[in-house]
Amino acid sequence: MNEVPITHILFVSTALFFIGMYGLFTRRNMITMLMAIELILNSVNINFIAFNKYLYPEKLDGIFFSIFIITIAAAEAAVAIAIIINLYRSHHSIDVEDAGELKY
Amino acid sequence: MFEEVGTTTEGDLIINLGPQHPATHGVLHLVITLNGEIIKKVEPHLGYIHRSIEKMTESLSYRQFIYVTSRMDYLSAHINNHACALCVEKALQLEVPQRAQYIRVIMDELTRIASHELWWGAMAMDLGAFTPFFHAFREREKINEIMEETCGARLTMNYMVPGGVMVDLHPDFQKKVKAFIQQYKAKIHEYDELVTGNIIFQNRMKGIGYLSAEDAISYGCTGPVARGSGVASDIRKIAPYDVYDKVEFDEVLQTEGDSFARYMIRIQEMHQSIKIIGQLIDTIPDGNFQAKTKAVIKLPKGEFYQRVETARGELGVYIVSEGAAQPYRIKYRSPGFSNLSALDHMVRGHKIGDLIAAMGTLDLVIPDIDR
Amino acid sequence: MTKEELKIQILTLLPTVSFEETGEWLQVLVAAEDWKLFAQQLHTSAELQFDYLFCLTCVDWKTHLTMVYHLTSTTYRHNVVIKVKLDSVNPFIETVSDIWRTAEFHEREVFEMFGVNFLHHPDLRKLILPDDWIGYPLRKNYEDPINMIKL
Amino acid sequence: MGAASLLVLIFAGIAFAGGGISIALLFVKGSKNAQKGQPYECGIPSTGSPWNQFNVGYYLFALIFLIFDVELVFMYPWAVVVKKVGIMALVEIVIFFFILFMGFLYAHKKGALKWM
Amino acid sequence: MSASAIIFYCISTFILLTGILSVTTRKIFRSSIWLLFSLVGIAGLYFWMDMNFIAAVQIIVYVGGIVVLIIFSIFLTQKAGEQMPKAITGRKVFSILSVLAGLAFIYRVISLNEFHPNTTTVVNANVSEIGTQMLSTTEHGFVLPFEAISMLLLAAMIGCIVIAIKSKPE
Amino acid sequence: MFSLEGITNFIHEWLNSHLSAIFALLAEFVLVGVAAIGLFAFLGLVLVWMERKVAAVMQLRLGPNRLGPKGIFQTSADTLKLIMKEALTPDNADKLLFNLAPFVVIIVAMLILAPISFAKNFQIWDINIGVLYVTAISSLSVIGVLMAGWSSGNKYSLLGAMRSGAQIVSYELSAGLSILTIIVLTGSLKISDIVASQENGWWIFKGHIPAIIAFVIFIIASTAETNRAPFDLAEAESELTAGFHTEYGGMKFALFFLAEYINIFIVCAIGATLFLGGWMPFHIGHWVAFNHIMDYIPSSFWFFGKTGFLIFLIMWFRWTFPRLRIDQLLNLEWKYLLPISMFNLLLMSVMAIMGWYF
Amino acid sequence: MDVNTNKIQATDFPGQVHEAPGANFLVSTLDDVINWARSNSLWPLTFATSCCGIEMMHVAGAKYDFSRFGFEVARATPRQADVIIIAGTIVNKMAPVLKRLYDQMADPKYVIAMGACAISGGPFFYNTYSVVKGADHVIPVDVYIPGCPPRPEALLHALIALQGKIKAGLTRDQLRDSSPLSQ
Amino acid sequence: MFLKEYFLDIYKATKSLLTGMKLTGYYFTHHKEILTEEYPENRKNLQLAERFRGEVIMPHDANNEHTCTGCSSCEIACPNGSIKIISKFDITPEGKKKKAIDQHIYHLELCTMCGLCVEACPTDAIKMANTFEHSVFNRNHLIKRLNKPGSKIREGIEE
């Protein structure tokens, strides 16, 4: 794996980040937006792991960080989906534009 | 927890169960409105095996029409035939020889056991257990063998004729029936081990498909379905026919009204049937097996109604006669028809799995319902 | 209760009925207009308590149709047969499915087989026959040259 | 053989499944009729799209599962070293478990684990 | 190029391709499936980097958990067979442009930077090492975050339940 | 004798001596691939036949007996027929996903094979996170089911897929926790380490009561995870006709069918590895002579014997019990299995720390 | 029992006739092995409308056990089934359903008409307004088993006959003209 | 208390499940309980019930003679018209025309095996046989002619 420069890995993660951004920009559906956010979080994770692997191979901090990020992503996804479904129940729509006039 | 998502009709899923479906035992078509897994409504659609028997029998003679009724509730073929024969005899005021009466009752009870066997296996299969089905067929095969030897057919017998039975018993009959009773008593505990006591089975059955006594009466339920709700409805007790008033047996009653109660009723009915057969088999009197009847039977003008207890409940044969050799109109009041009408009431708010369990304990035979 | 006692009881409920003496059970002839109320009384009356409708059917007498109701009481075990004459061209009668719920299915069957209209029936649709079926097969004058082969 | 074996297995899987399916596609020509492509619903024409929004009663289970799943992830490194680290590891995991078990009990109390 | 590098580029292409499909497809269920493939690809990338544990965690949590949850919520809230409305063209163009600009900028920053590992000692990132560090109470230990995570999870769980139950009509 | 280890070594050396390193490696890859496919086909044929025979005998009948001795070729005929059966795709299905789903399921089943140790030193990849890897990959299989169910455009399929999703996802937890009980003892996730740690006795014997409880829970959970009766709600015949694969026919259906059996094999193999010592012969503490005799039985026999026993156990369940209802199924997991396995794990870790095991 | 089929014409079976599709579904590249496999792995569709269905269950039951031939994998969905055993009466309301089920089956597919009802309407041939006079008005039938109901052995006999037919690789039309089945 | 119930539940459930497994386990290990009779193999010694109604036949004796007078009683008795009697007029030696059976046609595909025709026959010319292997590929093959070609009515049967 050492033949691949770290910049290439970083390019992948950056590209993934912007794919996520694109999704976030264009999608108006909360669930798809959530998916885009997951992509973004993952691109961050790739970075952490790559840095850990390439730059600080004597430490495990990158790994820990990504584990925690994954954990938080899970918690976030769970709560987000709970909210989305709740929203859907009250508004019968999960379009962000419709959720603009959230009353509570 | 999330009913309100589905209370809007868009969240509902309308699903067809049947006519070709392993759990509808034939061709019942149920249109189920589902919300998630919860049943909101069950609507039976009948007629996928409507063979116009009532119309057809208007053009058959009184000897001939009996054979069609074996095809109605084919699991109680003997009992169906019995009902028709009794109705004709009632109209003719014909005295049936004792021997024939004994034979008929024994045959009825054997049929009842066979029918309950099949129900037991099929219901276990509906609940996902395959092995009981095969174990039930072991005993059923035995009964079939006995029947075949005497009646000449395995399923649709056409054995009872107005005035008695078609042919005399096979010489081996008594011996074989006694052997069967022996074997049956040795094996019946396996049913409890395999199914009745099973915790999964009990959880699937208890409290499911509740039917109160009032509802059971109002829906016209009969047979084990009514008795499971504590309604005494055994025609063999209410209006005994043939030698049922001479034998000693209990009408099994349960008051829970759920699927498990109906299940237990049928299991115990099998024991009762064994008891009845045991009482009769040794005392079959000698004599004629058939009373003399005219070659062409003509019923007097009038209306005749005969009720019998089939394995599924009360079967009524209503003959309107104009004095001709053919009935003017025949109506078969089939037990399954009324029992089925209670299904929707029983399973609302339950899950699909419960529908199957509840339907299993109704023991529907669709040709009997559609006729 | 014997036939005679039943007769007396029923006459107190509805004096306009007539009786037919044949058959093993008491047969009561009721006019179609009176039927609904009479049925309710049969069901609720403390002496009769006909809570169980075990057979409901119709007979086509060519000139007219007759609805036949077989009733029994689960408490007293007495039976009665109610008959209602209907016009054969435009038969209609009040439903009893709100009194005996089993009647719902039976009436649907009679509806498609004989063409009897049950007023106020909750869901009067074809039950057994295909939806596009034409004709009332159990009527005596029903002819279906395609499907019915006469012997 | 290392991680490359995963690729090998993936290709083996594709070859296996693809090979099996393509034989039928290539050699078996089936009859065509209008009904064939319709969804099967016990022989009755299906009404309405199956992809209607659907009431998922199990969704809360999935939510809670997700939380426990993450917890499980943390358990693996713990389990590997518990014998080495000794009593300290036990104490830490007991705290960890305890906190989550509270959540579990809460869910139970609230009826979230009751179906529908 | 060695085999390993080829594998890397394959995996990367897979990740990016499915990622793009995920945000552009108009069928929501397919979108979630593409997301899933993308995440699996990322796990593959971790395997490639020999970070087996992280790869496994990625699959367990993301694929086994989050995506399943997303699929469930799709069933619950969508007419999943329908296509989602097309994004407004103006917004689409704007997003593409800004995204491309951002990508170009960041990538330039990255490529200008020189990355050098500052040590040569390599710690084997196996599970037992992770476990030891996770449970150790020393300054490099992660026991505090570990316990904090449990609180976080508890909070998330209670939050979910509260939100979900609140709407229960009673 | 039957030592698979010898064969692999021989092949490895032979290839390396005759070919250059790269080609040797490639050839090995191809061999592994072919072997995996071969194993798949073999397992499918044998397990399905075994299931039919077990079912038959329990149901007082003979079972397939006309093709080959004891009907052993029956499943071959079935497979051939399924291959030659028209593979249709419903009109209103999501065609891409519909056809992708069997691939996903099969690839997942393939991937799990990697760390499984079939015999002494006979393993594709002794990955250092062994069992964790297995858990992770097997959680992917639910996606295949959900895809299949959703894309079919059929209501039964959809319902089946939903059920299956909830069920697999739930039971993963207790399966994972019961795996952990053994991991606590072994201190390693690597399959080879786990097997080696059972040199002087299997964990189910050494680990006292917690190990037995874990074993029971593992068996139940893995039965549920593989969608087997009594947990076969996803394809509950009497309710949803054929569940999530209602619309699949021919080879596509066969792949699902096969994957189900492969999954059973895999979970049983994992169970055998964790609790029954994998390929490790039956050893008792210090009975050197006895252990030595046991060593004469080849390790692959041990492995397949134990796995076969567990598979038989799962089949035994199927042909005895009725099916659970969906809420009962989830109840069982959340009310019974999960809390019990959590406490069991704690109990086991106390035992491990105190050294209260053999 | 020698019957001069030229002299006696089949009773003209009236009734609403549903058009049946052509019977040309057998693959042209027939191969003995494939036929062997197909003939030995006939998975029936669970399709039992009435009384004959009970006898069909008996065939599945322990005493007769058609799993010996490899037929026991009864599939509830037509996509996975190879043979419909029409066990029971087909009425006009059911005919379209039967047709649809048959259409939805994947090729190759076979049909067995079990019992008098499925062959010709049997007991319900005369004076009924709703019974289809023979399932072969609806879908093409390969093997007919008379009887009401046929014995379980008779069904096994028919299954073996069907196996023989598939092994021979003959089409339905060719077989129909061949001599009566004998064993 | 709660815990006690909890474990009691588990105990009971396990016990009931094990009872079931014991039973299936018993059958798994006792192969003599297997009931299967292998049909095509056991055709030689297959014992069918004497009275089993498999089809209607008309027994002929060695001289190719039967006892059917062509009276049509069976045709009338049959509930669904499975029997058609085609009669002809024989010229008796005395030169008189006499009604006799030409073809006794029996529709096996319609027959419901009810046995009413046999009951009705005054001369016991037909009976039910217990054969059952009637499967055919062509429905027309099920239409049978019961009196063999060239057969005659046995002497002394008429009336």
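Every chain is named by a letter (A, B, C, D, E, F, G and H) in the order it is written, and numbering of its residues begins at 1.
Just so we're on the same page, a residue touches a chain if its C-beta (ideal position, glycine included) is under 8 Å from a C-beta of that chain, and two chains touch if they have at least 3 such contacts.
Predicted model only: the values in this text are computed from it and were never measured.
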{"item": "D-F or D-E - the one linked by more C-beta pairs in contact", "value": "D-F"}
{"item": "Furthest chain, CA centroid comparison against chain F", "value": "C"}
{"item": "Mean-CA-position distance for chain C and chain A (Å)", "value": "70"}
{"item": "Inter-centroid spacing, chain C versus chain B (mean Cα positions, whole Å)", "value": "25"}
{"item": "Length of the line joining the C-alpha centres of chain E and chain F, rounded to whole Å", "value": "28"}
{"item": "Whole-Å separation of chain centres (CA-atom averages), chain A against chain B", "value": "62"}
{"item": "Residue numbers of chain D (touch at least two other chains)", "value": "3-4, 6, 27-30, 36, 38, 40-44, 46, 49-56, 58-60, 62-67, 69-70, 72-74, 76, 79-81, 84, 89, 111-112, 115-116"}
{"item": "For chain B, residues contacting two or more additional chains", "value": "1-5, 13, 15, 19-22, 37, 47, 50, 52, 55, 59-60, 67-68, 131, 133-134, 138, 141, 156, 194-195, 198, 200"}
{"item": "Residues within chain E bordering two or more other chains", "value": "48, 50, 53, 57, 60-61, 64-66, 68-69, 72-73, 75-78, 80-81, 127-128, 130, 134, 149, 153, 156-157, 160, 164-165, 167"}
{"item": "Contact set on chain E toward chain D in their complex", "value": "3, 7, 44, 47-48, 50, 53, 57, 60-61, 64-66, 68-69, 72-73, 75-82, 127-128, 130-132, 134-137, 143, 146-147, 149-151, 153-154, 156-158, 160-161, 164-165"}
{"item": "Chain D to chain B touching residues, read off their complex", "value": "41-44, 46-48, 50, 52-57, 59-60, 111-112, 114-116"}
{"item": "Touching residues on chain G, where the partner in the complex is chain H", "value": "1-5, 8, 10-11, 62-65, 68, 116, 119-126, 134, 136, 141-148, 150-154, 156-158, 160-161, 165, 172, 175-178, 180-181, 183"}
{"item": "Contacting residues of chain E [partner chain A, same complex]", "value": "1-2, 4-5, 8, 12, 15-16, 19-20, 22-23, 28, 31-32, 35, 38-39, 42, 45-46, 48-51, 53-54, 57-58, 61-62, 65-66, 69-70, 73-74, 76-78, 84-85, 87, 91-92, 94-96, 98-100, 102-103, 106-107, 110-111, 115-119, 121-123, 125, 129-130, 133-134, 140, 142, 145, 149, 152-153, 155-157, 159-160, 163-164, 166-167"}
{"item": "Residues of chain B that touch chain D when the two form their complex", "value": "1-3, 5-6, 10-11, 13-21, 29, 35-38"}
